[in-house]
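Have a look at the structure below before the remarks.
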Amino acid sequence: MTTQRLEAFSDAVIAIIITIMVLEMKVPEGADWAALAPLLPVFLSYIMSFAYLAIYWNNHHHMLHITERANGAILWANMHLLFWLSMIPFVTGWMGENEFASLPAAVYGGVLLMAAIAYLVLQNAIIKQEGEGSRLKKMVGKDVKGKLSAAAYVVAIPLAFVSQWISIGIYAAVALVWLVPDRRIETNLSAE
Amino acid sequence: MTTQRLEAFSDAVIAIIITIMVLEMKVPEGADWAALAPLLPVFLSYIMSFAYLAIYWNNHHHMLHITERANGAILWANMHLLFWLSMIPFVTGWMGENEFASLPAAVYGGVLLMAAIAYLVLQNAIIKQEGEGSRLKKMVGKDVKGKLSAAAYVVAIPLAFVSQWISIGIYAAVALVWLVPDRRIETNLSAE
Amino acid sequence: MTTQRLEAFSDAVIAIIITIMVLEMKVPEGADWAALAPLLPVFLSYIMSFAYLAIYWNNHHHMLHITERANGAILWANMHLLFWLSMIPFVTGWMGENEFASLPAAVYGGVLLMAAIAYLVLQNAIIKQEGEGSRLKKMVGKDVKGKLSAAAYVVAIPLAFVSQWISIGIYAAVALVWLVPDRRIETNLSAE
Amino acid sequence: MTTQRLEAFSDAVIAIIITIMVLEMKVPEGADWAALAPLLPVFLSYIMSFAYLAIYWNNHHHMLHITERANGAILWANMHLLFWLSMIPFVTGWMGENEFASLPAAVYGGVLLMAAIAYLVLQNAIIKQEGEGSRLKKMVGKDVKGKLSAAAYVVAIPLAFVSQWISIGIYAAVALVWLVPDRRIETNLSAE
């Protein structure tokens, strides 16, 4: 199986996730600022999740683009990643509606962690299939950035019960690091 | 009509179904574990339905990929399949919110059965169009796996009124069997 | 502008409409037949709307497929059609939840009528652009079927206030007539 | 990175936004005109937002179509635009359900303004990448139309607190101006 349709399917799922997330922002009853104010945390958590999903789309897209064929392991590793990404609207809404309470902030980090692990698993499945001299392997190397992100979530999750703002600060910092597109791959592509 | 756009349309519909299903997981009121606990059955039923839809996407995609042209019968058999797949989010939510009660578990099986039958009907419509020497026919043979799955649902549905856990165990077992991609088709494709 | 992306965009919108429609089927509170029974009219109206949207996708797809270029008039005529199709989930839900009451049945017919008119307007915009010897013109001729469908809705709408079942019977009959794919276009395509 | 998949992703997101917007039109309880009447402002605001999203799809599509490659700046400028477009269903619902009250009308204008700015930023990012002799630059010139639209929103937002109808009139007028497809680009394309 070529990766073309896997890429198209994943793109569609991510496009839908990023868009339905806004449905968690329930239209408020009143028409004044007082009605809008409680939505501020929902809005802020929406911005963060939008950024995360955009980052995943971008990196996932780059990764599949340089992958030529997909076997069963890649297919299911990809579905596993999409599963955790599909959880983001739910945890975003839960965190936002509870004004960034500790448990929702920790669970939000848990979903980010599972998505990060799923991404690493997918990456390894692709590298394994490509075998020695894997093009993706050369690009990501040991993927220190990906592994450090996962480690950051592991640290951030228990810290949510000390102060959720520390956790959210860590999530935001990781997102900012990734907002810069993966130059390793970009550079490699441009060099061709 | 070539199957290319039929494939794209079906992919889009399945991508949407798999993603909106998460909307059935309503954001809970509180911010503690007590608020999250009632969502556990919804979450578990979501995992099973996600797996089923991923399996359908994968097999459906393989099947249409090797089909070159679509006549009216194939088109409507495909729409019929999409109809039953579109019922999955509803029955998933109903089963999950009622903590796997008997009737919802039986109705869930009913939708799986209808989808399985619709898949077999679509398969036959394609084989009939391709005529003797049908490529799909060679691959699926008598499709024992597909027919046994349908038979398993037929058994599981009444058993839900004895114990829903038997039915759910059967649904999960069938899903696990299918999680292995259809090697008959994969092997055939690789051999070319 | 080529019609390729217009076709892809329209396909995506119709795929989304057909799928979100199921969200109008709210998961009921109880887990028994009594809880499911009120959903029967919603389910029946969902089947009819699913069939209508599948028909529109099929015919629209055929029509755009043989159209090579799109000007501004075609673009906006197409958007106008998508607008009315996007109203279908709303009127389907309204009709279903009110057990096919007269006014919702009439409004449902009104949306079908507007969509049918929008389709004819789009068809004319394409024929006008193609000029004499238009390929689409040859295929649809005077499009008696399309015009009779619109006329049927005009008759059915006021009849909803006599008996909604007459109107719904007419809607269902028109859908059945269209379920047969447009052979005029199919034959023409096959002949090439 | 070629713009092809960026275009496909953006198309998908806009298709989803335009379609889920209708979910803000909640199915009313009753089955008479009295039940339908409160939905009129929601319906009217839906029409306006549908037109705006159709305009954005059309112009965005033209713009990306003539752009060959996308760098990181273009990618994120595009995501930024999609973010503000994804806010449209929310503000449409809020404005409609409050019968065009002042604050929702102003906030609606705020989202239109942010989307217009995001569009200009994206346009500049593309022109900057293309360098001197940019094809897009030649087509849009100083983009007086785009800048005047943004200016119109700046004027309309505070006016909502004088009379929301002035603001809404301005939004509608700007939409009407844009309903004519961008002839600068169309002419240029046809000339080739």
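Letters A, B, C and D mark the chains in the order given here, with residues in each chain numbered from 1 onward.
Criterion: a residue touches a chain if its C-beta (ideal position, glycine included) is under 8 Å from a C-beta of that chain, and two chains touch if they have at least 3 such contacts.
None of these values were measured; they are calculated from a predicted model.
J.: For copies chain A and chain B, work out whether under half or over half of the interface numbers are shared, and give different or same accordingly.
T.: Mostly different residues form this interface, as fewer than half of the numbers used are common to both chains.
J.: What whole-Å value do you get for the distance between chain A and chain D if each is reduced to the mean of its CA atoms?
T.: That pair's centroid distance is 26 Å.
J.: Compute the distance, rounded to whole Å, between the mean C-alpha positions of chain A and chain C.
T.: 37
J.: For chain D, jot down the residues that touch at least 2 other chains.
T.: 8, 12, 16, 20, 23, in rising order.
J.: With touch defined as at the top, which chains are paired up in contact here?
T.: Pairs satisfying the touch definition: A-B, A-D, B-C, C-D.
J.: Can you check the complex and tell me which residues of chain D touch chain A?
T.: Listed in rising order, the residues are 1, 5, 8-9, 12-13, 16-17, 20, 23-24, 72, 75-76, 79, 82-83, 86-87, 89-90, 93-94, 97-98, 101-104, 107.
J.: Using the touch definition up top, name the residues of chain D that touch chain C in the complex.
T.: Listed in rising order, the residues are 7-8, 11-12, 14-16, 18-20, 22-23, 25, 27-28, 30-33, 36, 47, 50, 54, 57-58, 61-62, 65, 179-181, 186, 189.
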